[in-house]
Amino acid sequence: MRLLRYIAGRLVVYALVVVFGLTVLFFVPRLGPTDPIEAMLAKVASQGAYMDASQVDALRQSLADTFGLSGSLLEQYWAFIKRILLTGDFGPSLSMYPTPVMELIMNALPWTFGLLLTSTLIAWVLGNFVGLLSGWKPESSSSRVMEGVAICLYPIPYYILALVLSILFSYIWQIFPLTTTIRGAPWSWNLVTSILWNSFLPGASIVIVVFGWWVISVKAQTTALKEEEFVRYARLKGLGDGRILARYVLPNAILPQITFLALQIGLMFNGSLITEILFDYPGLGLLIYTAVLQGDFNLLMGTISLSVIAVATATMVIDLIYPLIDPRIRHR
Amino acid sequence: MRILKLFENAPFRLYLGLFLVALFVLVGAILPWFAPADPLVWYTTPRNQDPSWTYPLGTTSLGQDVFWLLTWALRNSLILGLLVAFFSTLIGVFLGLAAGYAGGWLDRVLSFLMDALLCIPSLPILILMAALFGGQLALPIVGVALVLFNWPYPARQVRAVALTMREREFVNVAWFSGESSVRILVRHIFPYIAGWSAANFINTVLVGISTESALAVIGLSSAQQATLGTMIYWAINYQALLAERYVWVGAPVLAIVLMFIGLFLVSSGLSMRSAARRMSV
Amino acid sequence: MIKVDNVTVGYGTTAFVKAVDRVNLTINDNEILGIAGESGSGKSTLMRAIYGDFSTGLRIASGTITGRFARNGTGAVTEAESHDFGQLWWDQISYIPQGSMSVLNPLMKVEKQVVDGLPKRERQGNRAELRRRIATFLEGFGLEESVLDAFPHQLSGGMRQRVLVAIAAFVNPRLILADEPTTALDVVVQKKILLMMVEIQRRQRNSLVLVSHDLGVHYQITDRLVVMYQGKIVEAGPTAGIFANPQHEYTQTLIASLPRIDGTRAEARR
């Protein structure tokens, strides 16, 4: 019953957060000193496309529609929220006319999620392993070295690391491709290797930074947990180090980090956007960048609304999962 | 191994970090005054020079001195980071105290705002603003936006501390002995959160510089001002990599990396120290 | 079964701090031995040395602690010094800690914590059978089977302590060491736990060593009592005898400070 109340409460907050985020997005274009529509039209014109006056007027009208610039502010706001939340309709892309924005986003999302999830997972496993060992035996020289490495890696932003990796491994030693080009028939082995090959550097830049973070935090947790009474009790039961680490220390070290992960998702998402842009990786980040460069306002509004919704959703999912994992909350 | 062993205790971490940060602050605060020419202006030096005594880090393909450009970039990035951190911390501490101390509906509204802002990714919004406001954002606008997105971090922490504080004995004693709320805040609660706020302040400097650079690296930050990020953007945009002029792009990258490691060491050193102190209280 | 022979135990290697000073002690088969003394008297250090827990710089400076364990069933005899007792943990020797909030893994159900560390001989059969045996064992002490599916935070302090006693007893060892098992519990719960331990000892016919600062606890269940003061054993003998006629001045003041209803408490025991 309590759990249901928690879930319901969390869902309400989630809905409010999404609406809040969209409200921010609604007001941003109206805050600027310039009229976004005129700026967009100028951008489209500067792309070299020649349009006569009637075409420009038509485009202006359609932009006004997608922005929801007709009617009073309240009407505009209501139409904007309703259109995104109820229909998920962002109109057609202007630069890739007439493909719907939603279709472009749906093609890009798996790449972003795949990249972020896989690299976070790899970093998580590696980081837990190294952090656990170096926290268990903090005096050994290898754990000192690992901590030193982690401290030097963690503060570096993803995109800086991505840049360094691409300079090193694509320019100086031309091992990995500079930009992403996926080849191969659908569902073929070639396609899989091509995806892995192209994802290696962008993935590595995320893995390395996240790895640094996990090592630092798991190590701190482990050092604290080592002194816990239940770990001492387990040792006095005659259990081996491996079992104590796996069953007693690790689960207790991981739990508190889940809530932290919820706070970090936004920053991680920021990082992956730039990484994607730097590597031409066909995810949401690149789509946003394309939209900016092409002045494709529908695409821009769509991708950014979806970014906000995606991050809010991911945070909510973690918040909802946490009590299921922690028995102290699940069975109160 | 000796050096790594010193990493263990907070003071050394803190000192190493402070040393790195101080180095960058000095370079960024003092050296720009001595620049022989405005490093933003093109063709003030010969083009494409390798590092030498006259041009410590070489020159760009546009005839700018990389070293002096770097000092200007450092200055601007630091000013931005410090201002963002200052206002975020100020607003965060104030609203966090208000929420934790006042409770009730004010707490609910503020807490919701904090949670909501924390799960809205700042970069996409900045990109949207940049795209709408003519393709590039002036530094002050970036700064204001970053403050709006970063005050919830200190606010949440301060609110949590303030909540436990309300129940603490010595606060009650002060309350009953007739001290005013403001006095209680200043004399009893503020010293308590100062350590955390300092660590958080440093962290916000890092996040501020990092986010602006992210925006700059893809060419959406100010083109009129040099920052570490715009320096990288210019280097890439003017084909430093194809021309194999790695110092040009490497200098700002290395500066960011070292400065961030320094900032991180300071912030984690500070929070370790205040954690130790909190235990002894 | 355990012979403590002129043993000096302490902490640290460079600057040795003595906690137990030239102590002689025998733990017999099939008895409940109490070790009493105030905090800092060395009773817990002695217990750790007997258990063979030499972590955190604990060290035997001189003397020996030897054990002789006759295995249940086979009757095979193992002899070892306490330095090697580690191999006998949760097999021939088990341990009951003080049941504070954090002594059980907060993320593990009680059933798993009973099973974790059990020797092979107590593990026969599949999981369901093992669970049934554990459940029956618990029911013998008035604990419901549902306790097995609980997480530690769901148990009350007394419940947690009974679970700890059960975990140590289910191993069916030759020796159980209990470190302040009833401290910080109210008297009614204390009584329950003491009765539970007595019953286990009577059933398994093994040795139980009970370390407690509380003479009242010793009075209720121990057969033999050892009183420690400043690292030395100042008095040893049958519990009834000591309470009836304490020899050492320290024991006399301890007994005199116990609350009593009349002056004939020693006789009231039987």
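When the chains are written out, they are named A, B and C in that same order, and each has its own residue count from 1.
By definition in this document, contacts are C-beta pairs under 8 Å (C-beta built on N, C-alpha and C of every residue); 3 or more make two chains touch, one makes a residue touch a chain.
What you see is a predicted model; the values in this text were computed from it and never measured.
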_Most widely separated chain from subunit B, with each centre as the mean of CA atoms_ = C
*Chains linked by the largest number of contacting C-beta pairs*: A-B
*Could you state the distance in Å from the CA-based centre of subunit A to that of subunit C?*
54
*Starting from the mean Cα coordinates of subunit A and subunit B, work out the distance between those two points in Å.*
21
*How many angstrom lie between the CA centroids of subunit B and subunit C, rounded to a whole number?*
57
*Would you give the residues of subunit B that are in contact with at least 2 other chains, written as numbers and ranges?*
none
_So in the complex, the part of subunit B that touches subunit A is made up of which residues?_
1, 4-5, 7-8, 112, 115-116, 118-125, 127-135, 206-207, 210-211, 213-214, 217-218, 220, 232, 241, 244, 246, 249-250, 253, 256-257, 260-261, 263-265, 268
*What part of subunit A is in contact with subunit B in the complex they form?*
13, 16-17, 20-21, 24-25, 28-29, 32-34, 36, 39, 43, 138, 141, 144-145, 147-148, 151-152, 154-157, 159-160, 163-164, 167, 171-172, 216, 262-263, 265-267, 269-271, 273-274, 277-278, 288-289, 291-292, 295, 300-301, 303-304, 307-308, 311-312, 315-316
_Give the list of subunit C residues in touch with subunit A in this complex._
51, 53, 55, 86-87, 89-91, 94-95, 97, 100, 102-108, 116-117, 150-151, 153-154
*For subunit A, which residues are in contact with subunit C within the complex?*
228-230, 233-239, 243, 247-248, 251-252, 255, 326-328, 331
